[in-house]
Amino acid sequence: MRWRPGPIVTILAIAAVVPLVDLVLPAELALSEAVRTVFLYAILALGLNVMTGYAGMLNLGIAAFMAIGAYAFGILSCEIYPFQLGFWPALALTIPIGALAGFILGAPTLGLRGDYLAIVTLGFGEIVQDILKNLDSITKGMQGINPLPAPSIGGAMWTSNDERSWYYLLLALLTLTVIAARNLERSRLGRAWFSIREDELASRSMGIRVERAKMIAFATGAAIAAFAGGLSASVLSSTGEPNNYDFQVSILALCIIIVGGIGGVAGVLVGSLVMVGLNSIVLAKATAWMAAHGIGSQGNVMLSPNNWKFLIFGLALVIAVRIKPTGILPPKLERGRV
Amino acid sequence: MNATRTAILTLILIPCVGLLGSHSASAQGTLKIVSSLPRTGSANAQTSTIVNGIKMAIDEVGGKVDGWTIAYQDMDDASPQRGNWDPAVEAQNANTAAKDEEVVAYIGTFNSGAAKVAIPILNRAGLVMVSPANTYPGLTKPGKGEANEPMVYRPSGKINYFRVVPTDDLQGVQAANWAKDLGIHKVFILHDRELYGEGIADVFKKQAESLGIEVVGFEGIDSKAANYRSTVTKIKALNPDLVYFGGTTQSNAGQIAKDLRSGGFKGKYMVPDGCFEQAFIDAAGAGNLNDNTFITFGGLPPEKLTGRGAQFCSAYRTKYSADPEAYAAYGYECARVILQAMARAKTKDRAGVLEAIAATKDFDGVLARWSFDANGDTSSTVMSGQTVHGGKFEFVKILGD
Amino acid sequence: MKAMEVHGVGVTFGGIIAVHDVSFAVEPGEIFAVIGPNGAGKTTLFNAVTGIHPPTHGHVELDGREQVAPMTRQTMVELLVAFLLVGVGVAATVNVERLWQASVIDNYIYEQPFPWGSALADLGRAVATLGWLGGALPLVCGGLVGAGAAWTNWSRARRSPDHIARTGVARTFQNIRLFNELSLVQNVLVGMDARMRAGFFSALLRLPRFRRERERFHAEAMKLLEFVGLADRALEAAGALPYGFRRRLEIARALAGTPKLILLDEPAAGMNPTEVGGLMALIRRVRDRGTTVILIEHHMKLVMGISDRIHVLQYGRTIAEGSPDAIRSNPRCIEAYLGVEENG
Amino acid sequence: MFDFEVLVQQLITGLSNGMIIALIAIGYTMVYGIIELINFAHGDVFMLGAFFALTLMGVLGMESWGPGGQAVGVAAMLVGSALFCGALNWSLDRVAYRALRRSSKLALLVSAIGCSFICMNLGLFWGGLPMDVFAGGVAAAAPKDFPALVPQVNLLGESFIRITPADALVFAVTIPLMVALTLMVNRTNLGRAMRAVAQDPVAASLMGIPVDRVIGATFFIGGALGGFASVVYSLYNNTIGFQMGTRAGLDAFTAAVLGGIGSLPGAVLGGLTIGCVRAMSDQYLETRWTNTIVFCILVLILIFRPSGILGSSRKEKV
C-alpha cells in the first residue's frame, strides 16, 4: 500500500513552512510569532489529552501544572537563585517535577468518581496560584521570576527576537511530544487508558490496575503540562505572575481538546490551531484593523470591538460543539497492529 | 482524505482572515505610536481613559509633528480567554512593535508584570517605552527590587524605559507620613496580593513602624471574594484607628469599605491612587466613604491644576463629556512627552526619539513641571492627599510639605 | 484442591438480603451452572465472587487460597512509608519559607558562587530547631492522614476486581460490556494486559522488548479470535458487532488472561437456537482447554446439555445442587421454575 | 486570646455566606443530578440576575420608596430575578444543551463554558448601559454599587456582635426556599418525574415522562434559585460586577461536591461548611491561606468519603 501522510504529519509539515510564507507576507501579517503560542498551547493540550482524552479523567486545573513547570524552570535557572542550571537541564527537570506534582495531587484523589475529580483539580488549579503568591520569599510572589535563560546553540543566547530559531525549536519539541503521546497511545498503557475511559468496571474485571493506569496518565499529563510551562516561561523570559496560570488557561486547554476532537493527537493539534488561532490571530488582527480604521469607539461599551471578544469566543465554542460534537478531527479507530 | 483536507483548510483560512485584518502600508513620512494595554476584561475602564488621553494629545497637535504624520495604534495585551493581561500577548505586541520600522514609541504597560516582559524586547530594538501606570520600583530603581533589577531590563546597556507616574516606594512613605499627621496610633494593613497593592502596603508598613505607628495586622486578601466580613470582624476585635488597603478599585477596595462600615468599624480608611477614580466611589457607595476615607495620589487632582493641567481638564470634559480621571492625565502626559520629543528629535527615528525623550527637562506637564531622572523616572514627586466628601473627591493637602 | 470454594457468602444492600449464606465448591475442569428464577441473586453472587460488590458475610477461596489479599509485611512497610512521606511532606510544606530562608536566602549573594556546604548545614540546623509545634505536630498529623489514606486505599484495593482478576478469575457480563470504540483485537488485548510486562518507558521509547511483546500478544490475540470464530473481523470496532458475535468476543476477552476459572453471566441470552448450539460447542472447547467454567443461565437446554453440576438459587438461598438429571427431577426446582420457562 | 464574641460573630458571618453559597449550589446540584452536566453558565446566570435586579430597582426608582414600599420592592426583585434567571437558564438549555443530549458529556461541558463566556460578555454590556443607578457608560467593567435597600444596621444595638436585617434576609429567604424545594422534589409529580429522569432517562421516557420538558423544568427551577440567590447576594454584599459569577460559581460547585453532588441537603451542608471554614480561617489563620484550607478540607473529606458528606455511593448496576 502506498504511504500517505496522516493528518498529524500534514499539520506538522505545513507548520514547518509557515516562517517561509512569512517572508513574503508584509510584516504586520507575520504569523510565526502567533503560531508559536499555538505550539505552546498544543503541548499543554497534549498533556491534558493524556488525562482527559485517553484516560477519561476530567481535569479542570491543568494550568496548575503549567505554573509548577514554569516556576520550577524559573527557580532552577534564574540568576537570582543559586541553582542557575541553564536552559536544557532546567527544562528537562520540569518533567519529573511535573510528574511528582501530578503524583502528589493524584495519589489521594484518583479513586474519585468523574466529576468529583474535576472539582478537585479545579480547586488545585486555584490554590496553586494562591500558594505561588503566598510563598513570595521563594517564588517572588506577584513579581514573577525573570530573566530566564533561552537555549544557545552555537554562540549567544537567543532572545525573543530570534524568531525563526524559537519557532523551529518549539516545533521540534512539539513534534517530540506528539511522538511520545502517539507511542503511549499505541501501547499497552494507551489501551488500558482507553478501556478505562470506555468502561472502568469492565476493564477492572479484566485485570487492569485502574488506579495505577490512572496515576500514570495523571503524572504523564502533568509532566507534559509542566514541560509546556517551562518552555513558555523561557520563551517569555519570565514566569509572568501566578495569575497568568488561572482557570481560564485550563478552560482554553480543555476547549482545545474537545473542539479539536478528544482523544486524538491530530484533533489536539487542529484544536489548538483553531482556538488559539481564533484568539491570538483572528480576533487580535481584526480588532487591530478595526481600531486602525476608526471603527468603533471607546465611549460606548458596546461599540468597542474589544468588548465583544468574550462573546465571540463563547459563541465559537457553542457553535463548534453544536456542529461537530465529536470535534473537528475525532480520533479514528486504531486499525493497525497495536 | 477528509481529515487532512480539514487540517489544510484551517491552516489556509487563518492567514486569509489575517489578510483581511491588514491595511495597506502608510505613505512615507509616518511615525507610529503604539500603546499596549489590557483592553479586554476588568481593567478596560481605566485603560479606556488612558487611550482617551493619548488620542487627545495626538489630536491636539493635529496628528502631525514637523510635517510627519502621527499614526496611533491601540494594542490589547489581554486575551479574551484570560480576561486580563497575558504575557504571551504582551510579548507578541512588543515584538510586533519592535519589528515595525515606523514605530518610534511604545506607550505601556498597565501592569508592571507586563512591563517586565516588554521592556527587554523593546530595549534590544532600541525602542522607547513610556508607561502611564507601572509603579513597581524595581523597573527603574536599583536596590528597590530584586538584586538583578533594573539592569536585567537593559540588555543593550541603554535606558529605554521611562514612566510618568511616581513609584510605590514614594507613595507608601507619604501615605504613612500622612497617617501619622492624622493622629493614627494603630493601623491594620490589608493588601490585594497584587504587585502594586502588596508593594505599596509593604512600604507603608515599614514607614509606619519607623514612625512609631503600631501595625496590628498585615494581611493579603482574596480580591475575588464576595465580601470581607470575617476579616472585618478580626480587624474590629483589634480595634485599630486606621485600615490601610494596598489595592485598587478592581481588587475590591469598594467592597472592603462597605464591609468595614456595615461591620461597625468606626475608624479611618486609607487607599492609594489605584482607587483615585470615580468608579471607586461608585463601587463603595458614597455613604461609606464620606469624610473618613483618605486617598493618596501622585500628582495634583484635576481641579487643583493650573496652567496646562487646567487646560487639559476643560478640554477633556468638552471632548469626552466626563471628568478626567487620574489615568487619563497619565495617558495624556505620556503621549505629550513623546510628541514633544519627536518635535525636538534630530533624526525622526527610534534613536532620535529615544534620545530626545531621555533629555526631557522641565516638561510643562499637566500634573507638575518635571524632568526624567537618570533612571527614567519622573522627577515629579508631588503627592496629594484626598478625602471623599459628599460623594466627590476633595483635595486636602499636598503631601510631604 | 477445589478450583473455587464459596463459604457461606451473603450480600445485603441496605437491609435487603440479596444472597443469603450460599456455599458450594467447584472442581477443576468442571462446567458448573448456577440457575434460578429472576432475582434469585445469581448475578449478585457473581459480583461478590469477582469483587465488584464484596460479600457482606462469608468468604471465597480460589485454589485453596483466600481470595482477599492478606496483610503482609510489604503492606505494613507501605503504610509506614506513606506515614513518613506525607508526614515529612506536610512538615516541610508548613515550614518551607523558614527553611528556604535559612538555607538559600541567607547564603546566596547575587552573582557570588553559592556555598552549598554551609547552606546544607544551615538547612540541617533550621530543621533541628523546628520544635514541637512546627516540626513534630505537622509530622504526626500529616503522617496519620497519609497512613490513614494509604490504609483506606489498601483495604479498598485488597478485594477489588482487578486484584481478583489477576488471581485467575475472568468473567463476562449479563449486559455485555465491551469496549465499543476499540477494535476486536484490542478488546482481546485488554484482557491480556495482566500478563504483559513491558512498562512505561519501553512503550514511550519503543524499545525492542516492547516490540517483541507486541508481536507475541498480537499473534495470540488473533488466535483467540480465531478460536471464537471472529478472526476475519479483527480490526472492526467492537461497537459495530452484531449481538451474537458480541458474546463470543466477550468470551474471547475473558479467556485472554488465561484464567483458571471463567464466569459466564447468561451467555445465551437473546441468542437463537443455532447460535446457542454454537455457544455450547464453544463452552465445551473452553473447558477442554483446561479452564473451569461457571455459568449463570436461564436457557435450560444449554444448562442441561453441558453442565456437570448445577446449583439452584431462589430468593438468594440455595435450594438444590446436583447433576442435571437430579435437578431435572427435583420437585423444589420444578416448582421454582414454573413460569420461568415461559419468560426465558 | 480567645474571644467568645468574635467566635459568635464569625459563625453568623460564616452561616450567612454559607447560605448564599448553598442557594447557588442547589442550582448546580439539581442540574448535575439530572443530566450530569457541570453547568458552568450557572454562575453567570446568577450574575445577570443581579444586574436584572439592579435594573429593576433603577427603573422603578425603588430607592426613593418608603420602608414599606422597599419591602415590596425587595419582594418584587426576588420574584423578578427568579423568573428572569429561570427563563434564561431554560433558554440556555433549549438553545445550547438540548441538541447535545446524545453527545458526549464533554461536548456539553464546552457548550456550557461557551454560554458562560457569552453571559459574562452580556453582563459587561449591561454594566455599560447608561442608567441612573449605574456609573455611566464608560466604566462598564467596574464593580457596581447595589443600594442597600435592606439596611446594614445592627439589630442588637451597640453590641460587638452584629446581626443586621441583611443577615436576617438571607435566612428568611433561603430557609423557606430550601424547605419548599425539598417538598417539591419529594412530594409533587414534577419532583417524582425529575428523580425518575435523573435515575434513568431512557426508562423514564418509556414510562411516558416528557424527559425534555422535565429537564427544562429543572433548568428553570435551578436558574430561579440562582435568581433568588443573586438578589440575596446583592442585598447582602451591595456590590455586583460582571465577573462575580465565576467565583460564586466556583464556591457553589465546591459546596455541591463537598456535600455530595445531586443531594439537596448535601448542597446546603456543603455551603454552610465552606462559609464557616472560611470565616474561621479568616479569623484564626490568615486570609491569604483561606482558599488553600478550604481545598485541603475538600480533599480530606473526599479521601475518606469519596461521594461527599451526604452523597450516596451509587452502586453501579452490573
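A, B, C and D label the chains in the order they appear, each numbered from 1.
Simple rule for what comes next: a contact is a pair of C-beta atoms (placed from the backbone, for glycine too) under 8 Å apart; a residue touches a chain by one contact, two chains touch by 3 or more.
Not measured: the values here are computed from a predicted model.
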Task: Third chains touching both chain D and chain A - done: B, C
TODO: Count the C-beta pairs in contact for every pair of chains, then give the pair with the highest total.
DONE: A-B
TODO: Averaging the CA atoms per chain, pick out the one whose centre lands closest to the mean of every protein CA shown.
DONE: A
Task: Rounded Å distance between chain C and chain D, as computed from the means of their C-alpha atoms - done: 41
Open item on the list: So the centre of each chain is just the mean of its C-alpha atoms; given that, what is the distance between chain B and chain C in Å?
Closed with: 61
Open item on the list: Could you work out how far the Cα centre of chain B sits from that of chain D, in whole Å?
Closed with: 35
Task: Geometric centre distance via CA averages, chain B-chain A, whole Å - done: 31
TODO: Identify all positions of chain D at which a residue touches two or more other chains, and write them in rising order.
DONE: 117, 138, 140, 246, 288, 291, 303, 316, 318
Task: Sequence positions of chain C contacting 2 or more other chains - done: 52, 110-111, 149, 173
TODO: Mark out which residues of chain A touch at least two other chains, giving numbers and ranges.
DONE: 79-80, 108, 111, 133-134, 201, 251, 298-299, 307, 309-310, 313
Task: For the chain B and chain D complex, residues of the former touching the latter - done: 41-45, 48-49, 80, 83, 193, 219-222, 224-227, 229-231, 233-234, 236-237, 249-250, 252, 254-255, 258, 261-264, 278-279, 282-285, 322
- [ ] Within their complex, state which residues of chain D touch chain B.
- [x] 3, 5-6, 9-10, 13-14, 16-17, 20, 117, 135-136, 138-145, 147-148, 152, 154, 160, 162, 164, 166, 233, 236-239, 241, 243-244, 246-248, 251, 278-279, 282-283, 286-288, 290-291
Open item on the list: Going by the contact rule set out above, which residues of chain A touch chain B in the complex?
Closed with: 4-7, 10-11, 14-15, 21, 25-31, 33-34, 37, 40, 79-80, 133-134, 136, 140-144, 146-147, 159-161, 163, 232, 235-238, 240-241, 243-244, 246, 248-249, 251-252, 266, 269-270, 273-274, 277, 279-289, 291-293, 298-299, 304, 306-307, 309-310, 312-313, 328-329, 332
Open item on the list: Which stretch or stretches of chain D touch chain A in the complex?
Closed with: 32, 36, 38, 96, 99-100, 103-104, 106-111, 113-122, 124-125, 127-128, 137-138, 140, 246, 250, 253-254, 257, 261, 288-289, 291-292, 294-295, 298-299, 302-303, 306-308, 316, 318
TODO: State the interface residues of chain B toward chain A in the complex, per the touch definition above.
DONE: 1, 3-4, 6-8, 10-11, 14-15, 17-23, 25, 39-40, 44, 48, 51-52, 73-76, 79-84, 86-89, 91-92, 95-96, 98-100, 113, 116-117, 120-121, 124-125, 136, 138, 145-148, 152, 155, 193-195, 198, 220, 320
